[in-house]
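Labels A, B, C, D, E and F are assigned to the chains in the order they are written; within every chain, residues are numbered from 1.
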Amino acid sequence: MSLVQPIEYDAAPPAVRAVYDDIMATRKVPSVNNFWKILAHDPANLARVWAQVKAVMAPGELDPLVKEMIYVAVSVTNNCEYCIHSHTSAARGKGMTEAMFHELLAVVALANETNRFANGYRMDVDERFREPFAT
Amino acid sequence: MSLVQPIEYDAAPPAVRAVYDDIMATRKVPSVNNFWKILAHDPANLARVWAQVKAVMAPGELDPLVKEMIYVAVSVTNNCEYCIHSHTSAARGKGMTEAMFHELLAVVALANETNRFANGYRMDVDERFREPFAT
Amino acid sequence: MSLVQPIEYDAAPPAVRAVYDDIMATRKVPSVNNFWKILAHDPANLARVWAQVKAVMAPGELDPLVKEMIYVAVSVTNNCEYCIHSHTSAARGKGMTEAMFHELLAVVALANETNRFANGYRMDVDERFREPFAT
Amino acid sequence: MSLVQPIEYDAAPPAVRAVYDDIMATRKVPSVNNFWKILAHDPANLARVWAQVKAVMAPGELDPLVKEMIYVAVSVTNNCEYCIHSHTSAARGKGMTEAMFHELLAVVALANETNRFANGYRMDVDERFREPFAT
Amino acid sequence: MSLVQPIEYDAAPPAVRAVYDDIMATRKVPSVNNFWKILAHDPANLARVWAQVKAVMAPGELDPLVKEMIYVAVSVTNNCEYCIHSHTSAARGKGMTEAMFHELLAVVALANETNRFANGYRMDVDERFREPFAT
Amino acid sequence: MSLVQPIEYDAAPPAVRAVYDDIMATRKVPSVNNFWKILAHDPANLARVWAQVKAVMAPGELDPLVKEMIYVAVSVTNNCEYCIHSHTSAARGKGMTEAMFHELLAVVALANETNRFANGYRMDVDERFREPFAT
């Protein structure tokens, strides 16, 4: 059970409601999920985290679905139950099929495997891989 | 320095050369990178890992570039220096621009942040996020 | 469910009771928590781990409350459910308010975020940060 | 070597300079460290991350030195070389002595140890540790 | 609850049944565990992962029991609940006693502790530890 | 470079020398490695950590070589460079051949892979795997 109780919309102070309203409007959903209702105990943090999520997850150089799948990849690697469920759900809402999900997990699992071969053998990085971006 | 020396093509036994040849042909590259030259000390493992990488990273439900970015996301989360360099390089070869790389890291960093809010508060998963795939 | 059953005081052998007694006396609590009741299956390990916890968590250069919050920070980063609960409880017993807990999690989440920017970009450490302690 | 080159003040566009100026003014330092010079390649992200660091690390419910030590605790757990160096340096600038640093690492190491006993034995959380905050 | 439902033998397509049959024959067990029933949604991945597990976990240079204990060590470090249970069970089936399990966890916990001392102090590796294998 | 300088035997205070002496006598080595020379800045911690390592790594239910390989498995999973090198060296000193090392890494990599399938799919633990030890 959560260490703080979720704050529902009706019980929320105006500053929290304003964030909830923006989440619902941005995502076109009728309510906010527990993540935000828990963060709401610290309204300044709630506003900061939402502003960051809103900016980072917006369409940009990467497709929003790709971003959600990256989110799932990190959450699986870290074993964050809440985040695996919430971002898998979000990815499905943006078009991730079950077949895509299987493939996503296969890549995540493979990367976790080969990361350990590289670290375990203390592999030297090939010179050509070190080339920085040109800017 | 690596715990074993890389095995160069000319010094490799036939079973290893066969894998090297397949890597170079599949990826259309003139040589294999250190990862494979190190794994080559255990030829059966080399063949297994390559077969897996070849299958999982092939075009499928997900675009190869998306797969490389997922690979980078996992490698950054685990802090695998070799893998960050090699898969960032691979992603660049498949079209990842510098702007896309910045956005990729912003998503990875954000996910690592929110994973800890979810875990730290011990957040309960919203019922609607738990719905399994339908098959 | 735990892989071994907790050993209650009444069923414990003398060597285990001696550790339980010292835990209760040191912490001024009427019973020991499950962590110790589980470790008790390996009495030598129980004694070793308790001796270490007792020494490291005692007042010293750092305040006991600060130590408990550091413990929570590590446990959240590793996602140890048991430890998040037990050390959040301990920190509350030593004066951590809810507002402090929110701030603690905000720092932990932020550090997990920026750790990935540093690792993902493979940032070089500024020379002035490398200065060792003077002793 | 970093995947992008640091952007020095003189070469930075106005939006980046504005962030650099605020960092230097807030921290009372004559230059910014590499972390920011690397993030500067993505000016919007630079501004977002700095705003978050500035807010979260400001004096609040927790002492700034305590916050820096929590940052070190997370960075050590994740093995982020850059962050261990930069936040150890920051903590020293805020008064962390060498003796405090030793004690900090002892707590971090101990927590990483006991986290695995708790997870490995799959310990059940004591009921009294689950009590949520009262708000 | 799992994100996909387990596929039971009677409902499985021939390609999946063939893998199930091989698992049961290799392990001399009357049914397969959930891990395989879940992977079965992606039959190609199921076949790949099983082929890899079969090869890597077979008797070789290391004893099968030692391999299972190494599996537990990794799973505890990563906090994979499913894997801790399944590989502890497998290790017990291969002869791991409770006393061995306690000792295994003591080593795992200790390694997680000392890993952080090494990383936190940024210890230089002794020259004599760097010697590569001779081949 | 390390955050504190190693303390050599000749410069060490008596309490530190006593630990160094015991390490050298127990391990039958002519000098101690950097790990201990760094911990020596906090003599009480040095003595505690050594006492724990001495007890946990001594022959017991598990073979000392098996213990060293478990240590490597954890260190590779966590990517602790110092510990990978020092415990691979220790394992070699106790009889680990290069072929065994390859197999060890194959198991470690595989476990890191399947951990993510289990966590990513949120697999339910089979009832028969949950059976606790009988004591």
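For this structure, a couple of remarks:
Assume a contact is a pair of C-beta atoms (placed from the backbone, for glycine too) under 8 Å apart; a residue touches a chain by one contact, two chains touch by 3 or more.
Please read all numbers here as calculations on a predicted model, not as lab measurements.
Shared contact partners of subunit C and subunit D are A, B, E, F. Set against one another, C-E and D-E show the most C-beta pairs in contact at D-E. Our note on geometry: subunit C versus subunit F, Cα centroid distance of 20 Å, whole angstroms. Separating the CA-averaged centres of subunit B and subunit F is a span of 28 Å.
Chain contacts: subunit B has residues 1-4, 41, 45, 52, 56, 77-81, 85, 88, 98-99, 101-103, 106, 108, 110, 112-115, 117, 119-122, 130, 133, 135 touching two or more partner chains. On the side of subunit D, the complex with subunit C involves touching residues 1-4, 33-35, 38-39, 49, 52-53, 56-57, 60-62, 66-67, 69-71, 73-75, 77-78, 80-83, 85-89, 97-104, 106-108, 110-115, 117-126, 128-131, 133-135.
Of all residues in subunit F, those touching subunit B in their complex are 79, 85, 88, 98-99, 101-103, 106.
The touching residues of subunit E, counted against subunit B in their complex, run 1-5, 41, 44-45, 48, 51-52, 55-56, 130, 132-133, 135. Only residues 72, 76-77, 79, 81, 84-85, 105, 108-110, 112-117, 119-122 of subunit A touch subunit F when the two sit together in their complex. The part of subunit D that touches subunit B in the complex is made up of residues 3-4, 41-42, 45, 78-80.
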